[in-house]
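Here the structure comes first, spelled out in structure tokens, and everything after it is commentary.
Letters A, B, C, D, E and F mark the chains as written, and numbering starts fresh at 1 in each.
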Amino acid sequence: MNADLLQAIQANLLSPALLFFVLGVVATLVKSDLKFPEPLYITLTIYLLTAIGLKGGAALSEAGLAKVWLPTLAGIALGVVIPLWTYAALRFIGRLPAVDAAAICAHYGSVSAVTFIAATNFLKQIGQPFEDYATAFLAVMESPAIIVGVMLGKLALRREGDAAPLGGVIKGALHEALFGRSVVLLVGALAVGILSGKKGLEATAGFFVSPFQGVLALFLLEMGMVAAKRFADLKRVGPFLLVFGIVAPVLNGIAGVLIGQAVGLSLGGATLFGTLAASASYIAAPAAIRLSLPEANPTFYLTAALGITFPFNITLGLPLYFAVARWAFGASTP
Amino acid sequence: MNADLLQAIQANLLSPALLFFVLGVVATLVKSDLKFPEPLYITLTIYLLTAIGLKGGAALSEAGLAKVWLPTLAGIALGVVIPLWTYAALRFIGRLPAVDAAAICAHYGSVSAVTFIAATNFLKQIGQPFEDYATAFLAVMESPAIIVGVMLGKLALRREGDAAPLGGVIKGALHEALFGRSVVLLVGALAVGILSGKKGLEATAGFFVSPFQGVLALFLLEMGMVAAKRFADLKRVGPFLLVFGIVAPVLNGIAGVLIGQAVGLSLGGATLFGTLAASASYIAAPAAIRLSLPEANPTFYLTAALGITFPFNITLGLPLYFAVARWAFGASTP
Amino acid sequence: MNADLLQAIQANLLSPALLFFVLGVVATLVKSDLKFPEPLYITLTIYLLTAIGLKGGAALSEAGLAKVWLPTLAGIALGVVIPLWTYAALRFIGRLPAVDAAAICAHYGSVSAVTFIAATNFLKQIGQPFEDYATAFLAVMESPAIIVGVMLGKLALRREGDAAPLGGVIKGALHEALFGRSVVLLVGALAVGILSGKKGLEATAGFFVSPFQGVLALFLLEMGMVAAKRFADLKRVGPFLLVFGIVAPVLNGIAGVLIGQAVGLSLGGATLFGTLAASASYIAAPAAIRLSLPEANPTFYLTAALGITFPFNITLGLPLYFAVARWAFGASTP
Amino acid sequence: MKLVTIVCEKLAREAVTRLLRDVGAHGWTLWEVEGSGAQGSRTGDIPEFTNIQVEVIVPPAVAEMLLTRLEKEFFKRYAMVAYESDISVIRREKF
Amino acid sequence: MKLVTIVCEKLAREAVTRLLRDVGAHGWTLWEVEGSGAQGSRTGDIPEFTNIQVEVIVPPAVAEMLLTRLEKEFFKRYAMVAYESDISVIRREKF
Amino acid sequence: MKLVTIVCEKLAREAVTRLLRDVGAHGWTLWEVEGSGAQGSRTGDIPEFTNIQVEVIVPPAVAEMLLTRLEKEFFKRYAMVAYESDISVIRREKF
């Protein structure tokens, strides 16, 4: 088991995607002038989200709804429960201000598409099959936690005397949570995939499938730089958040794997489910929170999600959740 | 016949490219913050034009000039005739100001590369062969109508008392029509394709050929957003232009198909020829017209070309022109 | 021999990459409004450098260090010697100001990644095998000449009475030479390639390998425009630099081929080695020189490197260095 | 006429343009910038860390109102800087 | 010295820089912006709907001439805003 | 307060921001621009030929020092233009 874990970690760390992530970290630490222009960042994001949506949709159109509804419901439930327990922990153990706790819990309840994609990459690398339609779980898990988090935050502000009408803010948060760019791209591409099916995917595979892993590697180079720039803020967020940024994903990841198994997913699928639970959003959630809870300090949630949890998840987290899944499924060494 | 048309429409609408177009429209209508940065738009344009030019040029170098000169001449002729009749219709039926009529007719006489590409995509989707060198017709049909339109507009302004010297303006319009970025890219890539031939195309096929259909899908996502943003102006342009934006392409499309057949193109080729005649330029023409006829109101020509004709052509127009071609060629149900 | 050279020149000039370069030159000369946005330029640069680094690294991990250390040392030595002799020539034959001579010699001692890539492209086109790990020589040859050039320039400024402390400037130049974006990308991608090996390259080949030649063609379209914009400055740099911009690469190229053969490279490898010696940097060197020797006039070094040497090398230089290699290796007509 | 310049994080864009409409500005101009200030450096590489600069031409009274509301409603929430300067426009009636 | 600022649609770029040369400006600075005004919002996503902002440092007399010609020749044709403000430059002789 | 604007080639970026820190500016705003001037046109297509525009809000004394040092240390080395103008900011104590 231990040997397996080590081997999985090694397989993960020696993939081009991970190595490019490390290169990005190093480039920032040595103060290189390397920099991705924002349009390139946005282009890579658009590409990754549409590609994964399209593939997931085509898989969904083959698999049918019968297989998918139960894990989908479980995913939504996780999106509601995770922010609740993390809020409590942040508030009562970490003693963070209520509005910051609310903002952070929204990020950890929501999901990171790139972490998910890195997980599929990892499973492919080690030859572990998984349900391609898992993208659907990614899609449904983005929004619920954001809404929960914003509501927690607004209730807290109310108690502190902020008389702003709740309705408008919740409406704004809902709009952002449902129609923010990452959600629209992912859900939209899923729909395109469902409607155009396998044939549509095949026609566009030369763009959306074959270059995918390489594009991911390039994107992780940028993410390495982005994450490393947050490292400077690590001391500013205090020791509690440092610990939280690793313990929370591990707990959520284990819970996710077990729930994934319980709702009938395969070993690979449960690993992905655990990864989703463990991941913290850094695209959809920051935008929605900044708009709906501007009182929260972004240093906290961005540093935790981007500077701690994201690097942890894609390096050690993925092999860990996979090891948990292997243990849960009682799998023998391959 | 009717059943054929419906089937073709369905095949077209369920292709990833079209579905992404619809997604773009939806994203704009629900006010998502999804937005393509301008450099991405320009990059996609450059890619599509060079890719199609290269392929067309390689096909030309195989086919030889003998097969191409007649349809090429016919294309140029159409580029002169279409602006004349549409100008008359806009001026005397639509009662539009002369300079606006001139501006609009230039757009409808010129051609839309993306509509053409969508047509090749559609034919590929339904398995209908076509002449790959048809890109040459696209290339020669961009400029003539722009020059005709600018001349019509300048003559009208003269009659209205504008004493600006005609020569300079026509020279400017000619320069833009011949050396505008879309023309240079398309004609240039055609030349590259002719000179480097099949071998050159094969060496670069991993970039210019295999990802092509997927890139088109991504581009149509953006075009859906661009087109939908014009919808707000639909009421401002009046009912005549709404009708014109659909009737003109249909008439031009039918004429184009029949002429295409007359000059010896295949069923697929005639469909493309009809599509070219039906399409309205929204890259080359707006730039040239804005520079040479700044007195014309862009709301009219951009809304008509982008907000009405482009969406109509790529959704219903393509299957329609194909149906016309099938009827003209007396083809039986496949 | 002569016939061979002509044939090689023709093969080179008719490749899509070269033809697109010519198209870029033409587009600028006819004053087209075609323009690549800066983010696209940067993206293409990032792509080309990471792709070539990854491939080179994977090749290195197969070949092992034993084969590589001697040519690597030779490359570094060339990076020190070339700036010294070119500095002397510029200073004492060309009578250029010392600081300008220092700036220019840094460019000619350093290397141009795009010229190197064009050379691999050319060899592929004509079916000549070469050592894939040659990228390693590209990587080590970027920096030494820059450091030599900056030191020569600073010593000259000292003699002219500039009392600025040398240490800080050299440190800055060293940092730029070692951690500038092109060096970081290339060396970093090499390391990624070494660590992830053949398996890693295969997983990402759909992005880093198959579209490569097409991306190069697109990039050379932009480079054609960039180079042609320097043509206007050709009269400003004087006749000596015009001659230097062609004679220096030819001499360096011949020396490079012979040294490449002497340290055990194959015919293709020696051609690449010669190309590296002949090429003049226009990414790493200009940035480092502008920062460390702002007193030097950029018109001189940019026009020479970009406006003369780069176009010469990729059109006539490559076939020439190949012909020299064939002659040196005593190869018979294939 | 007054030119009011606002530099703020990109994520405040919606809120700022809404405010501009509210106070009665007839138009605005906007672009992306990088910045450094009390709240750290905003490197312009990803949307979460980019700033925008907004420039709006308004009559003096509107400028005052705009700055007051920015100070009251925005400054504690967003990374932001705002200032006004004097300009003379053509077609005054436009603004 | 005067700083003249012109915000206009990107497609007018050639015409504007030609005018700047005409009136004798020795240089200019230019970048792309988004905007909203009387002629709708210009969203900056495709070249046809992008604005540019041009800033040019000129002596007062040139500024006046420039604004007059903009008003006479450009304002009815292009989506555009223009204004001037006072600045103090180093190296006055340059402009 | 003073707004100091610097337009210069992108490659001078490091040197300029270092100077800003040196003279005691508390922040700055920066973006890429194209330009044309005595040293030719900078077309903004590749980093070697792009300009940046830097705007920095500082008290008058700092502005003076900044411009003096720019003139002494930068103008002979880099393609550059710099000027100052008067602005009134909110939250003066910030700068």
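The rule we apply is simple: a contact is a pair of C-beta atoms (placed from the backbone, for glycine too) under 8 Å apart; a residue touches a chain by one contact, two chains touch by 3 or more.
Small disclaimer: the values here were computed from a predicted structure and weren't measured.
*Asks:* Which chains sit in contact with both members of the pair chain E and chain F?
*Replies:* Output, common partners of chain E and chain F: D.
*Asks:* Work out the mean Cα position per chain and let me know which chain is farthest from chain E.
*Replies:* A
*Asks:* Which rotation angle, from 0 to 180°, best lines up the CA atoms of chain A with chain B, given as a multiple of 5?
*Replies:* Rotating chain A by 120 degrees superposes it on chain B.
*Asks:* What whole-Å value do you get for the distance between chain B and chain C if each is reduced to the mean of its CA atoms?
*Replies:* 41
*Asks:* Report the inter-chain centroid distance for chain A and chain D in whole angstrom, where each centroid is the mean of the CA atoms.
*Replies:* Their C-alpha centroids are separated by 33 Å.
*Asks:* Can you pull out the residues of chain B that are in contact with at least two other chains?
*Replies:* 35-39, 42-43, 210-211, 287
*Asks:* On chain D, where are the residues touching two or more other chains?
*Replies:* 31-32, 85-86 - these are the residues of chain D that touch more than one other chain.
*Asks:* Under the stated touch criterion, can you name all the chain pairs that qualify?
*Replies:* A-B, A-C, A-D, B-C, B-E, C-F, D-E, D-F, E-F
*Asks:* What does chain C use to touch chain A in their complex?
*Replies:* 37-39, 42-43, 46-47, 50, 54, 175-176, 179-181, 184-185, 188-189, 191-192, 195-197, 200-201, 203-208, 210-211, 287
*Asks:* Hey, which residues of chain F end up touching chain C in the complex?
*Replies:* Interface residues on chain F, with respect to chain C: 9, 11-12, 14-15, 32, 40, 43-50, 76-78.
*Asks:* State the interface residues of chain C toward chain F in the complex, per the touch definition above.
*Replies:* Residues 35-38, 41-42, 222, 225-226, 229, 233, 282-283, 286-287, 290-291, 294-295, 298-299, 302 of chain C touch chain F in their complex.
*Asks:* Which chain D residues qualify as touching chain E in the complex?
*Replies:* 1, 3, 17, 26-31, 57, 85-91, 94
*Asks:* Show me the residue ranges of chain B that touch chain A in the complex, using the header's touch definition.
*Replies:* 14-16, 19-20, 23, 26-27, 30-40, 43, 124-125, 209-215, 217-218, 221
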